[in-house]
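Letters are used for the chains, namely A, B, C, D and E, taken in the order the chains are written, and counting of residues starts over at 1 for each.
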Amino acid sequence: MSGAVIEVADLDVYYGTSQILFGVGLSVRQGETMALLGRNGAGKSTTMKAIMGLAPPRRGRVSLRGAVISGLKPHAIARAGLGFVPEDRQVFPEHTVEDNLVIGKKKGPEGQDEWPIKRIYEVFPLLEPLRQRIAGRLSGGEQQMLAIARTLMGNPALLLLDEPSEGLAPIIVQRIGELLRQLRSLGSTVLIAEQNMHFCLGLASHATVIDKGQIVYAAGIDELKANEAIRRRYLAL
Amino acid sequence: APWVARAQAKTIKIGMPTILSGRVAQLGTSSRNAVMLEVEKVNAAGGLAGRQIEMVIRDSKGQPQEAARVARELVNTDGCELMIDAEASSGAFAVHEVARDLGVFCIHTNSETSALTADPKQHIPNAFRTARQGVHDSIVGGSYAAAIAKAKGLKKWATCSPDYAYGRDTTGEFTLYLKRFAPDVEIISESWPKLFQPDYTEVVTKILQAKPQALYSCLWGGDLTSYIDQANIYAMFGQMEVFAVNMADYTALTVVKNLPKGIHSGNRYIKTFPATPENAAWGDAYKAKYNEYPTNWSWENATAIMLMAEAAKKANSADGKKIAEVLKGLTIKCPFGADGTVTMRGEDHTLVGYAIGWGTTIPQEPYVPEIKAGDWKTIFELEAEWKKSKGYT
Amino acid sequence: MLEIRNLAKSFGGVKATNDVSLDFPDGSLTAVIGPNGAGKSTFFNLITGALKPDSGQVLLDGVDLAGRSPPEIVRHGIGRAFQVASIFKSLTVQETMLAAVSADQRTSAVLHKRFPLLETRERAEHVMELLGLAGKRNRTAATLSHGDQKLLDIALALVLEPKVLLLDEPTAGMGPEERWRMIDKVRELWETQKITVVFIEHDMDIVFKIAPKIVVLCYGRILATGTPDEIRNNSAVIDAYLGTEHAGAAA
Amino acid sequence: MTVSAVSFDLPRCIRRAANESAPVDLDALAGCLSSSACLVTQTTSGLIIGMLLFLVAVGLTLIFGVLKVVNFSHGAFYMFGAYFAMTAYQLTGSFALAMLAGAAGTAVLGLIFERVFMSRVYGADVLMQVLVCYAFVLIFDDVVRMIWGPEFKAMGMPAAFQVMPLFIAGGVVPPYYLLLIGVALVAAIVLGLGLSRSRIGKVIRAAAHNPGMVSALGINTGLIYGGVFALGGMLAGLAGALAAPVRSLTPGMGFSVLIESFIVTVIGGMGSILGALIGALLLGLIRSFGSQGFPLFVEGLMYLFMVIVLVSKPTGLFGKEAA
Amino acid sequence: MTELEAGRAQTLVPVRSGPALGRYRDLLIALIAFAVLASLPMFTGSKALLDFVIRCSAYGLFATSLNLLVGYTGLTSFGHGMFFGLGAYSYGLIMQKLNVPIPVAFIATLAITTVVAAIIGAICVRLKEIYFAFVTLAFQMLIHSTILSWASFTGGDQGLRGGIPRPAFLGIDLANHVHLYVTSCALLILGLLAMRQIAQSPFGYTLRMIRDNAARASFLGIDVWRAKLTVFVLAALFASMGGMVMALFVSGAYPEFAYWTISGEGIFINMLGGVSTFLGPMVGTVLLLLLNDTVTRFTEYHGIVLGVVILFFALGLRKGLLDFVAEWVAHRRDAGEGR
């Protein structure tokens, strides 16, 4: 598929001896916000980790703008422009909030620097007063915000967000939704795994549905909204 | 084939647990070297009562339980009929128990701990000792030091010795005899660094604070050289007379880069004492073969083989029991003897008559140019008294 | 009845819980909501002994539990589940349940019998069935998906048959279906076992649907308490927490 | 002699009673504390002991702080540093080159050790890492024995430092030890500031906690780990090189240093540079004053002190609770 | 999760097979093992082999007890060897000084160990992870220093000299090699059986919970401190037993028994054999002793040989031998079921 920022083909991933992903393939084009949907344990997080090189696939290929990145180390993949926010946040617990952000700091793949710390604090005003606080002692939601902000500091060209709304107050979820919409309007590409359908469907332009480690459906978001069978069967909506 | 079987029957295996790895590997290696040197000679001369000697030498890593295991294995699995125990003290006591259990003939070659043979509770008929005995050393050292103390008016003494049985006993006995011969001597400071302690700074400064006129130390080997290097940069050797019993050993003498002049030391092994051609020849032969000088442990082990060979000749048998019988009270010619002979004393199975003396150092060969020999008569008298005080006799 | 009296806790300068007093009558079901960092988890931590309060009382049926150790408090009947699933990674689901029952039956120090004790089975089985974990009984906890781990965490709290059950975001990370199944379970439990349930939740659909009473915390203080309708229309709550989407008539 | 002092070291008392000499020498200690010369000298000797110990321990604490690896092979790096320095000194006669050889040689060794071996066991059990380190303790000791022989060696003090000790405020300090203190202080300051202030320091500490996440942020953790190990190895090697002129060299020489370094890092709190510094100085002072007051219990004092610190502060003086 | 844990799950005996059954199976295996070991002297005259088994008993008891701490509870002790030394010394001293029957000394030693372990444990188990490891090490070194300095009582660095008396008791004469051998085997099998029971008891599972997540365990009503202390003392008892077997074997006790290298060896044995399987430490013991005994026969550079073998295990298998085998078998079984 031409124009795809990221293209995933035929991924097989194992944890130890148990196979989790079976030939997973998907592609996201420039400017799209792709929702990766599926039930608990369907393999969403694993797909993301595989793309990031954190759960190296045994078979298959991931390419970024045509260049193969599967097989690279996570840091090389990140430098190629992927930014990842894991589902369990993984803030650095002994560092302050600001240090967490500083550690995430890097130029984008084309040398862009669109996320100075000042802008981060504008987008996440709740973080600003917490700058000197130890991240490990933040509340769950505060940590979630920090994790997203930290990844943005790296100026990613493609964002992988694993359940970014989990544990956030509605008002914050709303704000993140606005942020993502804003990013999209700026041409950012996003792959987002979500359980909060309400949030996700309002945001995504496309959707891919995964079930038991296999892709079962991929379409534009409106099509998915219209397809009740799929929604019932795989998304329990 | 029959001739092979006969040849095998003729060889006699001697087991030797010793320390070939770890901090004191050098000493174990030098024990092995000396033994091999002597065994070659014995074998060339026909062997032990006609049987060629085969040494089976194993590393005990300096751990007593390993020493015990290796000793048992040497007898039980490898079929060794005789044993040379070249272990340091605690290993020697462990091997002693094995000898007690298995009844195998055994010569302790390295443990200087007096109790090993002096204490009748330890006594077993099949074990002997060729190592120098601590109390002998102290008597000679004490009388030598006392003479100098009196001559130079050294009244205030400090001691600095490693904190383990050897260090404590030797130091205790040394001061005992020092005070006996020079009653107005006073020990004003004691330091007890740990064995293998890398840093002696606090010890050095402590001694400097105490301002003694003389210092006694039985540190040895690398500990002694470290100590000298560290004391040197505090210019300690200019401020007091130093008596370091273990200085006159090639392992220390050849290693120290800035050996201060005039350190008093007992002899360990030194090829110029006794100043006999036999001793010099032995030292040179060793050096020629191994490209280094022998150690204190070397001569003790060589002596063990010499004694075994002579006893086997007398008994005309390589059987351990018979050798043991003959060995009691046996006197042999020996390069390390004060008068050219050494004797295995019958009553307590310990070696006497070996060369023992004190002298002062110079920084180059022969390192200790003059050594004043100790007097064995005095040694015997005081040793008997000492044994009585310990309740050994 | 669980009564909280003037509970306070601060971390350095942050007053995470600031003079909170609340009553949770026997058999009540209460939702605790509030912005991120409002002090909700801290509030639970104080009740369950994970943190020692600076001052105040936690009275369960008149007994003050404030400042006691977690095991003691659990044994008085206050069970909890965690915001981030807190489980035993290398035990299987079934072993986890059986061991938890053992702990509750005070047989966790038994040396002379084999694990599991017969008398622990029924309860463990019951709870696994109840939460739909029975099919995964032989899976090692670490290999469970995020959502299943949360379920297991809650199962751990339930299997102790507490008088008061505190659930910290029980549905976080769960899919819509599991989420509703979970919350239905909680409600069913509440109805049948007559236990007191307090839960923290950010999913307003759930909160407004099932909680008869809602407490809103903000900066360590109680911002509001009331029925879903009262809360939904409370402008302070809308500003601080709900935002426009969930406000007022939106539901 | 006070009652508490007697009960403090009962076994010694019994033994010493026979030899009629005091187990504890509180008079000497009191005498020393009231004499300014003694006070200064023993304090400086505590400082000297502490500073060299710090150089070894700081690498240990650094490696633990970052990689969570309890580097049992650290003593071997100290040993190699000393041997490298001695060999370089014998070959070139230059003290500076000797120090360089000690530091650079062990840095390379550290890098190889980490990249080729340690990096393979990060995911595994912590004790697996200890095991790999232990394997190298065994291997390194034998390698040294093969190359340099089983006998102990001495490097010798360079002529430039064979001078009279200085008298500073009534205390005695050899000039060589001034150099040593200087080097250790520089290391302490550079490391301390570098690790707490700079971004790389933050990254290093973060990589300690969560290498996966750090690398997902685009940072090459392999490089960091290798670098930290090289740095730690270098510090130990430098300590070994600095110690070489005043300590005897022998296979296994790293061992006693390792134990003391562990005490230092544990007292200071594993992973804390400042902790290592304070811990090392405290230990140095315990040794120097302990040898006055408790000549037979210096070693015991150190362990006792460690127990007391850990009981009153379970993560060492400056250690952080694992979050 | 590490692969190690994943593998463990599969090797667990399914709960279904029933607890009572497991117990009888263990008992049966123990009886057979004992019968085989005890009849060994009838088939071989090799004293060295018997010596080897005796030493395996001593180290095996010690290493398996350490695994109760390390593998089951997640308490890494660097000082467990102190109880090995304590056992050897207490037993040796009682026998030397008091002239009592051996079983009396045996039980008295266990009593002493209990008291000492309870005191030390009470202080240690409050600490976490690496600090626990090092505080146990510190206590070990304190005990070691005490043995060294209290020379009038313990013989100092030269150990308990003069042999430990071995008076016959009820016809069992431990001065007789075969009697000593059979007794050691019996102690080993009994010890293992008891530890196996501990590991498979509800308490054993409490330990596993503490290892995985102590905080959560406390929210289930478990007194973590007490459980840790209990297992600390229990493990000390078996280590002490190992020390006594060793003292019987060498007819002495040496400060090296209480030195930290013994603890190091224990850890090392555990890692070689595997910490996720009950018999892992036993396998490790046999492996290490075998390795030690053969390598020292051929070279004094045993450090290099041993080091390389360790590297093979650590880098090649990344786990202990028995863990590796157990996983391999489990995979084979899974693969078989899959088809």
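The definition used in the following text is that a contact is a pair of C-beta atoms (placed from the backbone, for glycine too) under 8 Å apart; a residue touches a chain by one contact, two chains touch by 3 or more.
Note that the structure is predicted; figures quoted are calculated from it, not measured.
Q: How many links in the shortest chain of touching chains run from subunit B to subunit C?
A: The least step count works out to 2.
Q: Which neighbours does subunit B have in common with subunit D?
A: Both subunit B and subunit D are touched by E, going by the contact rule given at the top.
Q: Give the chain pair, either B-E or D-E, that is connected by more C-beta contacts.
A: D-E is joined by more C-beta pairs in contact.
Q: Please tell me the distance, in whole Å, between the geometric centres of subunit A and subunit D computed from their C-alpha atoms.
A: 45
Q: Report, in whole Å, the distance between the mean C-alpha point of subunit A and the mean C-alpha point of subunit E.
A: Going by mean C-alpha positions, subunit A sits 49 Å from subunit E.
Q: From the mean C-alpha coordinate of subunit A to that of subunit C, what's the distance rounded to whole Å?
A: Their C-alpha centroids are separated by 29 Å.
Q: Quick one: report the Å distance separating subunit C from subunit E, using the average Cα coordinate of each chain.
A: So the centre of subunit C lies 42 Å away from the centre of subunit E.
Q: Where in subunit E do residues touch two or more of the other chains?
A: 3, 6, 149, 151, 301-303
Q: For subunit B, which residues are shared contacts with two or more other chains?
A: Touching at least two other chains: 20-21, 25, 163.
Q: Would you give the residues of subunit C that are in contact with at least 2 other chains, written as numbers and ranges?
A: Residues 143.
Q: Residues of subunit D touching subunit A in their complex?
A: 199, 202-203, 205-206, 209-210, 212-222, 320, 323
Q: Please output the residues of subunit A touching subunit C within their complex, sorted ascending.
A: By the definition above, subunit A touches subunit C via 15, 18, 38-41, 45, 87-88, 126, 130, 137-142, 144-145, 163, 166-175, 195-198, 235-237.
Q: Any idea which subunit C residues touch subunit E in the complex?
A: Per the stated touch rule, the residues are 48, 50, 69-71, 74-75, 79-80, 82, 86-92, 94-95, 98-100, 102-104, 106-117, 138-140, 142-143, 156, 160.
Q: Going by the contact rule at the top, pick out the subunit D residues touching subunit E in the complex.
A: 9-12, 14-15, 18, 64, 70, 117, 120-121, 123-128, 130-132, 134-139, 141-143, 145-146, 259, 262-263, 266, 270, 296-297, 299-300, 303-304, 306-307, 310-311, 314-316, 319, 321-322
Q: Inside the complex, what are the residues of subunit D that reach subunit B?
A: Residues in contact with subunit B: 19, 21, 28, 32, 35, 37-38, 41-42, 44-46, 48-49, 52, 141-142, 145, 149-157, 161-162, 164-165, 172, 174, 176-177, 243, 245-253, 255-257, 287-288, 290-292, 295-296, 298-299.
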